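The structure is given below, and queries will be raised subsequently.
The letters A, B, C and D name the chains in turn, as written, and every chain counts its residues from 1.
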Amino acid sequence: MSLFERLKAAAPAEWRSYVDHAFVRGMGDGTLPEAAFRTYLVQDYLFLIQFARANALAAYKSRTLADLRAAKDGLSAIVDVELDLHVRLCERWGLSPADIEAAPEHQATVAYTRFVLDCGMSGDLLDLHVALAPCVLGYAEIGRALAPDGVDALDGHPYREWIGEYAGDAYQAVAANASRHLDDLGARYLGPGRFDELAALFGKASRLEADFWQMGLDAAGARR
Amino acid sequence: MSLFERLKAAAPAEWRSYVDHAFVRGMGDGTLPEAAFRTYLVQDYLFLIQFARANALAAYKSRTLADLRAAKDGLSAIVDVELDLHVRLCERWGLSPADIEAAPEHQATVAYTRFVLDCGMSGDLLDLHVALAPCVLGYAEIGRALAPDGVDALDGHPYREWIGEYAGDAYQAVAANASRHLDDLGARYLGPGRFDELAALFGKASRLEADFWQMGLDAAGARR
Amino acid sequence: MSLFERLKAAAPAEWRSYVDHAFVRGMGDGTLPEAAFRTYLVQDYLFLIQFARANALAAYKSRTLADLRAAKDGLSAIVDVELDLHVRLCERWGLSPADIEAAPEHQATVAYTRFVLDCGMSGDLLDLHVALAPCVLGYAEIGRALAPDGVDALDGHPYREWIGEYAGDAYQAVAANASRHLDDLGARYLGPGRFDELAALFGKASRLEADFWQMGLDAAGARR
Amino acid sequence: MSLFERLKAAAPAEWRSYVDHAFVRGMGDGTLPEAAFRTYLVQDYLFLIQFARANALAAYKSRTLADLRAAKDGLSAIVDVELDLHVRLCERWGLSPADIEAAPEHQATVAYTRFVLDCGMSGDLLDLHVALAPCVLGYAEIGRALAPDGVDALDGHPYREWIGEYAGDAYQAVAANASRHLDDLGARYLGPGRFDELAALFGKASRLEADFWQMGLDAAGARR
């Protein structure tokens, strides 16, 4: 069993509150209010900037060239590719770069991003990657779940771009790779008495991700 | 004009949203629901632990023995005195140590504490102390405002212990000292083009403190 | 076998180069040139300041109140007690506080202290304490070795104060406690594939401690 | 006057000990023993890995996308380009990748690299870049000084590759850019009372760079 599977099994309620959140179900069946998605999209851009910093932190914390290169690739992917992709996705939803830059970080964005950065800074590389796992690996799981018949079957779906992005082969490969990296870090740093601490951290991060979805619903006046 | 006064003047809406929050007014006139106060009290204990870490971070970041000793004193005050005081205050409100320890950190607690720690780690000592100022200095200002006729006049007030603590001479002296320390750090580290960045940080921290009060009201089903 | 014993067994050459250094032997038989000891004493004061920062870092990195209190106690012991003791020891060797403050940090001091701080910041609490172990636990071992007939038998020995300090019951208890803390951290954080990395770190820290002794000899024009 | 020029003017002895070190003069007139250069080359590779971490730290500490991108570019340049260049340079001097990887970090390498990382972590972005300036900007100054008649005139010079690299237009542009970045950071973060602290930091870093050259000479049994 992979470390990721063990962590999910140890925090089932928190995990479910996140991957099966009303926001996610609303994306899946297309009933999610557009206002909820737009709020999410802007905050997710602000999230990405902090996520880039988390990858930079991983690079700083690396003790092998392999870890350093992996973290550098993650940082480059965000700064060179994902931020631009996000700007374009925002544009298609009627949000200009000026809209994004003018947006203050929501409490939910501050809470999850700074929690991850603090876990990573106060702990080790394994803590950092466990705190990031709900984001990196959870999005792949959600993407797959929302595209049960494959990405091509999403034609006409109002959230096909988002779902297609995370259900697609490219992101699924990124996630599979991240899961293997987590196992590799676990082999090095997971002492016999540490799993419960990691599981608590993973559960807390999952809950903060659920709060991030909820922020979108709240902004649209929708109910949980 | 002290740096603290300049920061407040630069972020008036955020500052007002915090020091004049409905939670504060409710404490002042005694109408605050007890459930709101109890929720606040437990989260404030969890806050204190992170606040201790912020003082430890200040000690780590110190480059003079004077800064190091000041930060060490702050850390000792929390770990040796304030945590115990807090436990006793909780007990008088019917909250056992077990209640406190069983409580998960609320999103509002995570957001403010980790924001402060991240400001301090990614910035310098001045950033750290500016991010802490709404807490350290704001509580003194709120305490004074809620005891306009002095601490002795609070007899019979349902929140006299809390108000008396922060309106009292001991805490007022701590705050006056912290304000002078901020000015001293400003004299060293406040470059000509930096004030706006610090004011934005201060405003954001004030907003996160306002959210912390709001958490108490939300828990009691009260309205903003 | 304690983790400390395992680490020593895994880096025997580095450990020997440190605990059996010519500087140590010279202290033991009283032949160490006074100039070497004076240089060491001044640099050891500068070392202590960074060592205080390492304890502050441990407090920042703590996730349990027990770890936080232990680190705070360590920090207080240095700032409130050891720095003053050191100033008095320096005075008895003819070194004024002004001499100490005017001294620039030697390369050997920078190398070991910043290595420890970087290990601790980039790694976890276990890394930090392993990097500190040659100092904390090594001094207890050296003290015992240089006082084979007990502290009382040191009467008239030119280095009796230094040896007595570290051979004495108080410091031996500190070291025993630190060794138990290391075992406790190991139980939590020592994954199956991590020992070699820790042993390399321990060996490197031991070598940097040996270089610290050598700095004293070099300053006195003495040979290794 | 640029901040870099001001810093050099404030620490003239330390700066001279570095840019006019016997190792540098020996490279310039071709009399530097090859053994000294080889030792330097291997340690400089280990230095680069820590330098990459310093750039990652700068990315983590960034608060604007512009700072983040600049730090990311710096990290990528080292990990994607410079490390490989260095391996090839080592090969031409008869040093295999295995030789490099087997080499332990010298005390001088540990001292300067960890000092820089600690300055950056305990301070702000300006501290980090000031600590790096002797390396980034100093190599450009040394390169220019050793190629007074231009890079083309170095034909046949035993150290033409090294000198040509740093005297060349590409590196000179990197350095000019880094100097402008330092001025930009200074405009933001250089408070009225901070210059002396920065100058002390700059002087110390310069001295540690001088020690890095000296390590090469010592290894070759050469004299300062």
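Keep in mind that, in the parts below, a contact is a pair of C-beta atoms (placed from the backbone, for glycine too) under 8 Å apart; a residue touches a chain by one contact, two chains touch by 3 or more.
Just so we're clear, the structure is a prediction, and the values are computed from it rather than from any experiment.
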item	value
Smallest count of steps, each to a touching chain, taking subunit A to subunit D	1
Other chains in touch with both subunit A and subunit B	C, D
Chain whose mean Cα position lies farthest from subunit A	C
Interface residue identity across copies subunit B, subunit C - same or different by half	same
Subunit B and subunit D, separation of their C-alpha mean positions in angstrom	43
Distance from the mean Cα position of subunit C to that of subunit B, given in whole angstrom	38
Subunit C-subunit D separation of Cα centroids, rounded to whole Å	31
Residues of subunit B whose C-beta touches two or more other chains	53, 60, 121-122
Residues of subunit A that touch subunit C when the two form their complex	60-61, 63, 121-124, 127, 186-194, 197
Subunit A residues within the subunit B interface of the complex	53, 104-105, 107-108, 110-111, 114-115, 117-118, 121-122, 204, 207-208, 211
Of all residues in subunit C, those that touch subunit B in their complex	49, 52-53, 56-57, 59-60, 62, 65, 68-69, 71-72, 75-76, 79-80, 83
